[in-house]
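One structure, pasted below without further comment.
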Amino acid sequence: MKNTIKKYFKDKFSSKFLVKIKNSPSGIIGLILVTFWILMVIFGPMIAPYDATRMNLADAYQSPNTEHLLGTDRYGRDMLSRTIIGSRTIMTTAFGIAVISTVLGIGIGFTAGYFGGLIDEVIMRFMDILMSIPSLLLAMVMLGIVVTPGIFSVILIISIVYSPRTARVARSALLEYKSEEFVDAARIRGESFFYIVFGEIFPNTIAPLIVEGTARFAYSIMTVASLGFLGVGLRPPTPDWGLMVAENQDSIFLAPWTVIVPALAISSLVVGASLFADFMDKYLRKV
Amino acid sequence: MLEYIAKRISFMALSLLVTSLIIFLLLEVMPGDVVKIMLGQHATEEAVSSLRAELGLNRPLHIRYLSWINNLLHGNLGESMYMEGVKIAPLVIRRARNSALLAIACLFIFVPISLIFGALGGLTDSKIAEVFISITGLFALSIPSFVTGIFLIYIFSVALPLLPASSNIPPGTSIFQNLESLILPAVSVSLVMFGYVARMTQSSMEDVLQSDYIRTARLKGIPDKYVIYKHALKNALLPSITVIGMNIGWLFGGLIVVEKLFGYPGIGYLLVMGLQSRDIPLVEVIMLFIVTIYLLANFITDLSYSILDPRVEITKAE
Amino acid sequence: MNPDKKLQPDKSPILEIRNLTVNYSTLEGELSAIRDLSLKIYPQETLGLVGESGCGKSTLAFSILNYLGKDGYICNGDIIFSGEELTNKSKEKFRSIQSNHISMVYQNPSSALNPVLKVGEQIAEVPHFKKNASKEKSLSEAINMLESMNVPDPEDVADRYPHQLSGGMKQRVCIGMALLSEPSLLILDEPTTNLDVTTEQVILDLIQKLKEQYEVALLYISHDLGVVMEVADRVGIMYLGKLVEEGYEQDISLSPVHPYTQGLIGCVPEIGIAKEDARLSSIPGNVPSLTDIPNGCIFHPRCSFSKPECSHQVPELKIGEGNNHAVACLRKEEIAEESVSKKKLARGQIRGGYERESTAKQNDILLEVKKLKKYFKNGDTVKAVDGIDLDISTSSTLGVVGESGCGKTTLARTIIGLLSPTAGEIYFDDEDITLPWHRRGQEVLNSMQMVFQDPEGTLNPTKKVKDIIGRTIKIKEGISKNKAEKRVLEMLEKVNLGSEFMNRAPSQMSGGQKQRVAIARAFAANPDLVIADEPTSSLDVSVQASVLNLLLGLQNDIQASYLFISHDLNVVHYLSDFIAVTYLGKVCEYGTKEEVFSPPYHPYTEALISAVPVPNPNVERKHIRLKGTTPSAINPPLGCRFNTRCPRKKGSICENKPPPTRKDSESHEINCHIDLNELREVDPVVKSE
């Protein structure tokens, strides 16, 4: 199966990809925005002029100037550095959620889809029941009361909350191909269940799963930012963008940059991710 | 039809039962000792056990669960653990009414606007208009509601002081007497739904206009306006109903963050405060309440869809 | 069709197309779907247009209606309707002329009707908008039209939604709706393609009736030559955007001149000709894509008559002497002479069929199916297969024929083990294999393989040909991937595909090529029995012929048996040694192909044979029409399944008692209440020259 994935990526993401994306200005912008923040994640600590958590009350509430390009917040912390470093937590968390929730979804959805019948009924009914609690609500309560939030627990909790949705996508992708004639042909050759699911069906589902994965990434950013804002994400002094908005919410009149900067950061990342996910959807549908 | 309704209601009841169990387990079992959390690390043993007995927490789990359910079914929603002596029921009802206002604004003002926008976008030949609606929609649905709120506050309260930045209503007055404090929260909450609905309506209108049955209608000589209203519109709007249903969950999430941002006295803000103060009975009731409304909303959307789309056969007889 | 309808030179054409060129803007550039096409249709005459997929016939229809979509446009030429030039008119004027005088019936009646509006409402819109009739009057006109379309209970039908009606019913609605605007030209684009053959006959009868009743000219477009010959006065043959031959129906069918026309006619197996008599002629090569249109005569790369000048000189469609028979070929006179002298071979068939060993039952029985039942339970119980017995000997072909809903695909899938039987037994080579596929032994699996219907879904889109075929070989012979490559090349050769196909993906192949790979995949396991479930139904006629030839060749090669399933009676007759006719989950007649196609017939077989259009005007056919539709398999009639529609129904015994099996000969069985002697007296359905 590793070979299938490698081959698939080589196939689809070769020069064809670059050609296609040239035709989509929104796709390019999305890719640029996301790449920008990925670079921030990687090179952030080297670029950030100050320590993101260092307080210096004497410097509090400075509006943007030459020393602090984006100003400082109520504790005198440099906004630019906090924004750059904050990208690490939100990006890694969102990426982790996208991957783990998709993998969980594949496990649950493929099982339900392939075996059908009672197993399918029971699993999907249970997923439906889980989905009757709105995702933000469930994540918020779990992180607020149940668990002490560290980055792993945040990733795990939100992945579990998202898994019914990714399971549904994985299941319908599998069902789309399960009844195709080439799968029948594999059966009458006497192939094993494992080969049929992973050798025949799975390569065809990679496209919709990637689309789902990129969409999940975008949703994860929204959720992580919102949870940070609600104060149930990572705790201070971690420079979580959502948390930064919440912390400085009262200063919007006095020092608007302290909320506008993180708000813009969130917007740019989430819009970039959505544009890219949108493009992937259109691109992988056609090819 | 009745069979369908009965089936759905029984599934909703089952969902509620299971979710109540999940909520109970999450809030009363998993966090460990609730009493210790409430009283803090340094509480004495006696204080802990007396509070525990007072709260009935020394009973076995299943008894506590069943008595909780029993109370709920009898309309006894209990008392807040944090705010001494405050009954939960009237509090929740009052707050829910306020939140309902925001939800109604979203569903009955913004959704129709987005349907119109989307339909126009699909009907137009102008590529610019199409792309504009698509991109605006994408911005609207990606940016989290509280971020939209921040931008709106900045523009309309800080830069041009037009609207209040918070919804702190003076005590004694109701929200109806302070309608300006509704506007910014309502817009912030509704923008996400607007994004989804406008985009979906636009793309489904485009699809419908390419369909074979529209071709038949046009070639029959039916005037264009009539083709759009009678033939295209209904088909184009049906998928949007599904989208609305799918996004009601996000709507609830939006309510929570927006209410916190504006300090709007709704059920979302109440939940946030309840979580912060570890007010477990309150949080349980609010969660259950939101889940119930969510299930009902989904039921109504599904029902409307089946009534409007003749291809969905809910009656067995034929 | 009607020899009296000859050309009236004093009447001017109702539709004239002059030098029409239609282009599409695509990512690969500007493609010419129609090039320099001219034709005329006279009032009240029927012009049939025949061509395979991609020839541009639908584009032509939509050009006349000016509905080419965003990317299509008329590049050159004129469309003149009733003397008025349409092509230089504004969009609105064009539309107003068109909607008042030209109507269309589309290929897919399900998508042509609005799913959320009632059928009566949709029909009533025509008089409402055309004549400003009131809502009530429009609706009553709609109901009257339904009645004249022979729709039973028209008020009830008008009150229904499209998805509640059968395909044949929907098409009647569409035809009625088109006629209600009183057009002088009615365009029909493959109106019966998605319908069963018996339903198709009902629609064709209806079209004949309305030709007599209404004063309307018809442009009838189809890929099915037989159907067109039945309906049309004049016929035009299209290939790759050009008209290559045109003339009266009798002339085209009896003395076709253009090599493509001859090829088309020769591709279709006729009733009366079987595999032992002649091979099907197939047209070599593939239809070129629109990006690669050949120079000179567009057909020359595939033409057996081509000469050097054909590759750079474009032949014109010129009306020849007498009888208005026009042929676009540089060698048309020579070919016409040649054909006359070889009368039978002018129909394009190659002498010399397949040598077969004796088909008498002295061979061993390979597959035996006893009282097989397959029910599907989903609330209601669908009795798809309800007690079928059959057997297949080694090296022989059993054809199973029936219309939609008869259970033939379910039968195939149960025999091969994709479905578990509800009751009954299956024996293969004397071994009891009444088991689902995953419980059968590998040997059995290798010996029984299947070729499926849909070339689009039959190959895994993410795999290359060498892996698709190679996998079967790997499993069968347990050899490594590299050694298998050699064997894959051998298999490709057997199905007439070159080595360049090794690394191709399904998206890079045509339907016919994909089906060949699927056949190679099945045969790579060296099976004793191959079940073919409608393997050629989705393919063009010329491609079908080559695939059928391939199947026959392979059978000769490895002496496999076939269970060949199809709804196409011609194909089944051509290929099979034995035939089983199925209806609603049961076999109603069983015998050798000669026995089944001559009296005594089961009444359903009789009706089925009479419903198949024959593109030969010298052949007389009985006119048997079945009323109503096939009952549902959920509650099949007790007694004889066919009794609700049987034209020879005896009486209440047919409704109450299941029919006995009557043996006409050792191999021939008919399940009917009617006495065999009575059935033997019946005239044959088809009387050929």
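Chains: A, B and C, in written order; residue numbering restarts at 1 for each.
Convention: a residue touches a chain if its C-beta (ideal position, glycine included) is under 8 Å from a C-beta of that chain, and two chains touch if they have at least 3 such contacts.
From a predicted model like this one, the values you see are computed outputs, not experimental measurements.
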| item | value |
| --- | --- |
| Pair sharing more residue contacts (C-beta pairs) when A-B is set against B-C | A-B |
| Chain separated most widely from chain C, comparing mean CA positions | B |
| Interchain centroid distance [CA atoms averaged], chain B/chain C, Å | 53 |
| Centre-to-centre distance between chain B and chain A (centres being mean Cα positions), rounded to whole Å | 22 |
| In the complex, chain B residues that touch chain C | 210-213, 215-223, 226, 230-231, 234-235, 238, 308-311, 318 |
| Chain A to chain B touching residues, read off their complex | 26, 128-137, 140-142, 144-146, 218, 222, 225-226, 229-232, 242, 245-246, 249, 252-253, 256, 259-260, 263, 266-267, 270-271, 273-275, 278 |
| Complex contacts: residues of chain B adjacent to chain A | 14-16, 18-19, 22-23, 26-27, 30-31, 135, 138-139, 141-147, 150-151, 153-154, 157-158, 165, 248-250, 252-253, 256-257, 260-261, 271-272, 275-276, 278, 280, 283, 287, 290-291, 294-295, 298 |
| Residues of chain A touching chain C in the complex | 4, 8, 180-182, 184-185, 187-191, 200, 203-204 |
| Residues on chain C engaged by chain A in the complex (per definition of touch) | 413, 416-418, 437-438, 440, 442, 445-446, 448-450, 452-454, 457-463, 471-472, 475, 518, 521-522, 525 |
